[in-house]
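Report on the following structure.
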Amino acid sequence: MKRTIPLLLASIAGFIMIVAYFSPHTESWGEEVAVWFNILAAVAFILGGGNLLKIHLRKVSDRNSGWMYSVITVVSFLVMLFLGLWKFGVNPNPQFPDYGHWAGEYNDSTSPFYWLYEYTFKPLQATIFAMLAFYVASAAFRAFRAKNFEALLLLATAFVVLLGRTAAGVFLTDFIPADGPFAALRLEEMTQYLMNIFNTAGNRAIMIGIALGTASVSLKILLGVDRSYIGSGDD
Amino acid sequence: MFEYFRNLDRRWIFLLMLLSVAVPIYVIGKTKETFPETALPLATNVFNEIEALQPGEKVLLAFDYDPGSEGELGPMATAFTYHCSSRGLKLYFMALWPLGRQMIDDNIAKVIEPDFPDMVYGEDYVNLGFKAGNEGVIKVIVTDIKQFYTTDARGTNIEQIPMMEGIKSIQQMDLMLNVSAGYPGTKEWVQYAVTPYPKEIKLVGGCTGVQAPLLYPYIPQQLPGLLAAIKGASEYESLVIKAYPPAEGKEAKYMEAQRRMGPQLVAHVLMVLLIVAGNIIFFIERKRGARA
Amino acid sequence: MNVLKRNLVTVLAAVLLSLTVPVAAQDEAETPGSADGAVPSPPSNVTAEDVPWDKGDGAKLTWDAPAEAEGLRYRIEKKELAEDGGEAEWKFVDLVTDEQTTFTAKELDHTRQYLFRVQSMAEDGTLSQPAVLPSAFQSERQLFFGSRLYLLIIVLVFCGSVVYWIRHARSGKEIKVRQIAGLEAVDEAVGRATEMGRPCLFVPGIQDINEIQTIAGITILSRVAKTAAEYDAKVEVPTARSLVMTTARETVQAAYLSAGRPEAYNQDLIYYVTDEQFGYVAYLQGMMVREKPAACFYMGAFYAESLILAETGNGIGAIQIAGTAMPAQLPFFVAACDYTLIGEEFFAASAYLSGSPEELGSLKGQDVGKVIVAIGLIIGVLMFTFGNIFGAGTPIGAWLLMAVNYLKNVILT
Amino acid sequence: MNRETLLWVIVLLIGAALLAGRAMFAENGMGKAYITPVEKTYVGLDADVAEAAEAEAETKTVWVSIDELPEDFDVDAVADDDVVSWDTYETKDYAAYIAAQNAGTNDVVFSLSHTIGIWIAALLTLFVLSFLIKDNPLYKVAESMFIGISAAYWMVVGFWDTIVPNLFAKLAPGPTTAWALPGIRDEAQFELIYIVPLIFSILLLMRLAPKAGWLSRWPMAFFIGTFCGFRLISFLHGDFLAQIRNTIVSLYAKTPQFAADGTAMLNEAGAPIMDFTFWGSVQNLILVIGVLACLVYFFFSFEHKGVVGGTARLGIWFLMVTFGAAFAYTVMGRIALLAIRIEFLFDDWLWLIDPTGRRAVEAVGMIVLAPLGMA
C-alpha cells in the first residue's frame, strides 16, 4: 500500500503524459503540470527552511564548534524572510496607492529587503562566480598535461583555441596569407574549424546519447524497474 | 628548484591571475592608456562600410540587446552611434528586444545629446523604439515600415517626423547596423532582410562571443563585417577614435572596449603560459622518472 | 512646464491615429500603384482549406496566378472576423517570393473565423488589386497530430526494444555489457573513505527533482549509500532543493535497510542548504576544505559551479567521480576529476551499479536506439551525397534529393 | 595566539589602517554614495476628469502622479484619503554631487545607507576572495550570511511570485486581489483544478507528521512520473530527432556561387548556381565520421576491442577535442567576471580609478595604497 500506490500513480501519470503529447487537445498538459510543480516546490520551502533552522539551531544549542556562524545564518535567514514576506518598507504600487504597501513590489528599491539583496546577496553571488577565473587558471596548469594521446588532444585544442582568441595568436600565424590555400592553418581559422566541426560532432553525439539515456531512465521508472526514488517498503 | 615548481602551491597561480586582471585594470584606469589594437579584416570591413556613406545618407541602427549583455555589447553600440554621428549620417534607431529601447535612449543620452548638440531629433536621428514580433517585424518592415511603426518611441506620429518622409521600407536605408545578443538578432536580419533583398539591403553588425560562430557562415556575402564580442568592439573602437578623435576629456567614454580588453589579454596570455609551464614540468618529471 | 497640455496632445494624437491608421492602411492597399511602375494583374480564384491532422491553427491557401506571372511575388493578408460579426483590419501575413501559388497560413485560432486576400507584387513593390477569399474560413482542431506520426513510431520502436530486452533479461538469459571506467572506482572510493575514516560527499546537482538528471543522480546515490552502509562509511548529501532532500532521504533510508543496517541511517546527513546556486557552492567549498571528504561524487545537473567543486575537491586530494549530461560542463569535469561519466554513461551508471539483469537489459534497448540512429544517418547522408552528385537535373538525383527532404523535414521533425 | 594568526591580524590591521587613511586623507575620500531624494505624490481622481479618452462612464478612481497634473492644480482641495505620498530616490555620482554643491543647491545629498552598503559589499567581496588563500573566519562569516540570506530570498520569491499568483489567486481570487494583487482584480477567476496542487502540497507537508510521512510519497511519485513521461517524449522529439536531422549532410557539398560584387550568381531559371566545394565536403565528412565514432564509443553491448575498440577510440579523440575547445572557449567569459568584481573594488569603493568620469573633479588619490588595500 505504501509503495504500490505511489508506483501506480507514477506509471499512470507518466503514460498519460506520453499519450497526451500526441493530441492537439491535450498537448499543453505538460506545461500545466509544470505550474503545479512550481507550487509544490515553493511549498516545499517549508521543509527545506525548517530543516535549515533545525540544523543550525541545534548547532547553537549544542555549542558545537563554529556555533557563532550558525547564529549568523539563522539571524540573516529570519531577518531576510521577515522583511520579504511582510514587504517591510515597500512603497505602494503607483497604480493602486490606496492598497498600501501590500500591493507594492517586494523588491522595491527603497525597502530593506532590496538593500540586503543589492549589497550582500548580489556581491556575494558575483564574487563566488568570479572565483571561477582562478580555478580555470589552476586547472589549466594542472590538468592540461600530455600524459597520453587523449590528454594531448585535449591540451592541444585548448591551446589552439586559447591562442586563437588573442591578438598574440593572430600575430603568430599572420605570415600565412588569409586567402591562400593554407588559410585554414591560421590560428583564428583553426579555432573556428575546431568549434564548427569537432565541437559540433562531439556535442551532437553526446546529445543523442543523453536523449536516449533520459528516455531509458524515464521508461525504467514508469515501468517500475527502477524504484529507488520511492524509498523503503515498510515504514 | 624543480621540486618547488612540481609541487607549486596553487595559490601562486591564483595570485598571478589576480595580478594579471587587477594590474591592467588599475593601470588602464589610471593612465587611460590602452593596449594598442590592430584591427582585423572583419572589424575593418564594418568601419569601411560606414565610411563609404556620404553625409546625409540613411543608416538603420537595430539595437537588439538588453542590460544582461550590456557589458559585452554596450561599447560597440556606443561606437556605432558615435561613428555615424561623426560622419553626419541620418540615424534611425529601432529594437526587437523590449529593453532595446532603453539601450537606444541610453546611447542617445550618452553620445548624441552631449557631444553632438547640433543634431536635431526627428531631423538627424529618430528612435523608432521597440516592436514585438521578432522576425515577423523584419519580414514586414523590409517592404512596409509603416505597418508596424505608426509612431516613434516618443509617441509622435511618424507622418510628422521630417526624416521619415518618403521612407516606405528599410530597403531605402543605405546601411543597416545591428547589435545582437541572441534571438532575434543578426541571424534573423540576414535570413529575413538580406537574403530576400541582397541588392537593396546591406548589413553589418556586432554580436556576443557565444553567437559569433553561428554567424560566420554568412560572412562575407550576406554579412560583410562583424564585430565579435569585446575583442571586435575594441578593434572597431580604435579605428573610430583614430579617424574621429573625440573632444578633450571625452575620450574615456569611447574607449570602453579597449579598456576591457586589457585584463582579458593579459589573463589569456597567462593561461597559455600556465599550460606550457605545466607541460614542461611534466616532461622533466617523466625524464627523471625514466632515468631513475 | 505644462505637462498636462503635452499629455493631452499625445493622447489626442493617439486617439486620432487609432482612428485614421486602419483607414489609411486600407486606402493604401486598395489604391494600388505608386508612380514608379505598371500595376500587375491580381491573382484570382483564392481558396482556403483546413490543414488536416493539426491543432487547428493552419489554413492552406491556393490561388491562380495572373496571365503574366513572371517575377511576381504575392502578398498575403488575413482578417480576423470579430465574434459579433464586426469588421477588423487586414493584417500582413507573409510575402511569397518563389512564384508559388500556395501558402500555408499558421497561427490561426480555431475558434475564430478568418478572411484572406492575396495581392500580386511587382519587382518594384507595386501592388495589384487584392483577390479576397469569397467566404469566411475556420480551421478545425483534430484529435491526433498527424505531424507526430513518425515520432510515435520512433517512440514505440525505442520503448519496445527496451521492454523487449528487459523481458529478455527477466527470462534469465545472460546480458553482457562493457566495462565503464568510472564505475569500478565507486566502490574503491567509498572503501578508501572508510579506511581513512573520512566521509564521502555526494552532490546531486543544483536542479530540482523534475529534472531527469537529478533523478538519475538519486538512483546512483542509492547504490553509493548501500555500499557505504556495508562499509560503514558516512555519506553526506547537501542539497540545493527541498524536494531533492526529501527524495534523497527516502532513497538513502531504503538503501540502508536493504544493506541490512537500518540503525546506521542518519537523516541529518542529508540536508538542505539554499536554493541559490552560488550560495550552495559557497557552502560546499567551505565544507569540503573543513571536513576533507575522501571521496566526492558529483552526479546530476551542473552549471558554472562544476569547476569550483572539482578544483576544490582536487585541492583536498579527494577521489572525484562526476557524472552529468550538461554538455557545457563536461569539459571542466573531464579536466579536473579522476573519472567522469559522460552523458549517456551517466544515465547508464545506475543500471551498472545495481547489476540487476532487468536494468542491464534496458541498456541493450538503448543500443538499439543508437543502431537506428546510425542506420538512419548513413542512409540519409548517402542519399544526400548521391543526390548531389547526380544533380537535381537527373531523375534519380531529383528523387534522392526529394527523399532526403522527406526524411529531414517530415520523418525527423 | 600562534604565529599564523598573528600574521593575519597584522595584515588585517595594516589593511584597515590604509583604508582609513585613504578614506580620510585622500582628497575626495572613497566609497561614498549620493542620492537625490524624490517625493512621489499620487492623487486619486475620478476617471472622467483624468482621462477624457476613457470610454467608461462610471466614475472610477484613477491615480495620477502630481507631476502630470497642471501646476495650478490644488492638491489641498482633494480629500486626504485621495492623496498618497512616499519617498524614493535616484542614485547619483560624486561629480553630480560636486556640481550641485557648486551650484549651491541641495539636490544631491550624501546617503549613509548606500555608503554603508558599498562598504559591506566590498568587504564581503574581499572576505570571499580570502578563501583562495586559506579557509578563514572572514570567509565563514560571508558564507553563513550568504546561506541565510539566499535561502530566505528564494523563499520570498517563491511566495510572492508563485504561491500568491498561482495558488492563492486561483483558489481565492477575491481576497487575494483585494490584498496584494489589485492589478489582476478584473480578470482573476476561481479555478477549481488548482485544488490538485493544494492537495499535493498538503500531502507533502504530511512529512512533518510523525505517523503520516509516507503520504508525502504520493505527490513525489505523481510529479516524478509526469516529468518522466514528459521528458521521455520531449527529449526524443527535440534533441534526438533534431541532432540526427542536422547531421544528415551531403558529402558532396555545394555552395552558392557569388560574383565579384558579392551578389549571388543565378542561372536562367533564377535559381542560384551551386558548385562543388572540396573543403566543405571534407568538413561534412569529418562531422559525420565524428558523430558515428562517438556513438560507437557510447555503445554498451560490446567491449572496446578490435574494430569496435578502434572506432570507440576515435570517438574518444573527438570527445577530447570537443572538450578542449569548449574549455578554452569559455575562459574569456570567466575572466570578464573577475574583471567586473575588481572594477567594482577599484572604481565604486576605493575610488582609485575613474574610467568613466563619474568623479571627474580633479582628484589626487593615494595611489600607492591600492595593492595593499586589496589584501
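So that you can tell them apart, the chains are marked A, B, C and D in the order they are listed, and the count of residues begins at 1 in each.
Note that in this section contacts are C-beta pairs under 8 Å (C-beta built on N, C-alpha and C of every residue); 3 or more make two chains touch, one makes a residue touch a chain.
Keep in mind it's a predicted model, so treat the numbers as computed, not measured.
Asks: Kindly indicate the chain pair that has more C-beta pairs in contact than all others.
Replies: More C-beta pairs are in contact between A-D than between any other chains.
Asks: If you average the Cα atoms per chain, which one ends up farthest from chain A?
Replies: The most distant chain relative to chain A turns out to be B.
Asks: Cα centroid separation between chain A and chain B, in whole Å?
Replies: Taking the mean C-alpha position of each chain, the two centres sit 29 Å apart.
Asks: Could you give the separation in Å between the centres of chain B and chain C, each centre being the mean of its C-alpha atoms?
Replies: Once rounded, the distance between the two centres reads 30 Å.
Asks: Return the distance between the CA-based centres of chain B and chain D, expressed in whole Å.
Replies: The separation of the two C-alpha centroids amounts to 21 Å.
Asks: Taking each chain's centre as its mean C-alpha position, how far apart are chain A and chain C in Å?
Replies: So the centre of chain A lies 16 Å away from the centre of chain C.
Asks: Return the residues of chain C touching two or more other chains; collapse runs of consecutive numbers into ranges.
Replies: 14, 148, 151, 155, 158, 210, 212, 215, 243, 246-247, 250, 272-276, 278-279, 282, 327, 330, 332, 334-335, 342-345, 348, 363, 366, 370, 373
Asks: Which chain A residues reach two or more other chains?
Replies: 18, 21, 37, 40-41, 44-49, 52, 121, 124-125, 128-129, 131-134, 136, 138, 142, 144, 154-155, 158-159, 162, 165, 195-196, 203, 206-210, 212, 214-215, 217-219, 221, 229-231, 235
Asks: For chain D, write out the residues touching at least two other chains, lowest number first.
Replies: 128, 131-132, 140, 142-143, 146-147, 149-151, 153-155, 204, 207, 217, 220, 223-224, 227-228, 231-233, 236-237, 240, 244, 247, 288, 291, 295, 298, 319-320, 322-324, 326-327, 330-332, 335, 338, 340
Asks: So what shape is it, when you link every pair of chains that touch: line, ring, star, complete or other?
Replies: If you draw each chain as a dot and join those that touch, every dot ends up joined to every other.
Asks: So in the complex, the part of chain C that touches chain B is made up of which residues?
Replies: 10, 13-14, 17, 21, 25, 75, 92, 94-95, 97, 121, 125, 315
Asks: Using the touch rule from the top, collect the residues of chain A that touch chain B in their complex.
Replies: 133-134, 136-138, 140-142, 144-147, 155, 158-159, 162-163, 165-168, 170, 178, 188, 192, 195-196
Asks: Can you name the residues of chain C that touch chain A in the complex?
Replies: By the definition above, chain C touches chain A via 54-56, 141-145, 148, 151-152, 155, 158-159, 162-163, 166, 208, 210, 212, 215-216, 218-219, 222, 241-243, 245-247, 250-251, 253-255, 257-258, 268, 271-276, 278-279, 281-282, 304, 307-308, 310-311, 314, 325, 327, 330, 332, 334-336, 342-348, 350-351, 354, 358-359, 362-363, 365-366, 369-370, 373.
Asks: Would you tell me which residues of chain D are touching chain C in their complex?
Replies: 51-53, 67-71, 128, 131, 135, 139-140, 142-143, 146-147, 149-151, 153-155, 204, 207, 216-217, 220, 223-224, 227-228, 231-233, 236-237, 240-242, 244-245, 247-254, 288, 291-292, 295, 298-304, 319-320, 322-324, 326-327, 330
Asks: Touching chain D in the complex: which residues of chain C?
Replies: Residues 2-5, 7-8, 11, 14-15, 148, 151, 154-155, 158, 176-179, 209-212, 215, 243, 246-247, 250, 272-276, 278-279, 282-283, 285-286, 289-290, 327-328, 330-332, 334-335, 342-345, 348, 363-364, 366-367, 370, 373-374, 376-378, 380-381, 384-389, 404, 407-408, 412-413.
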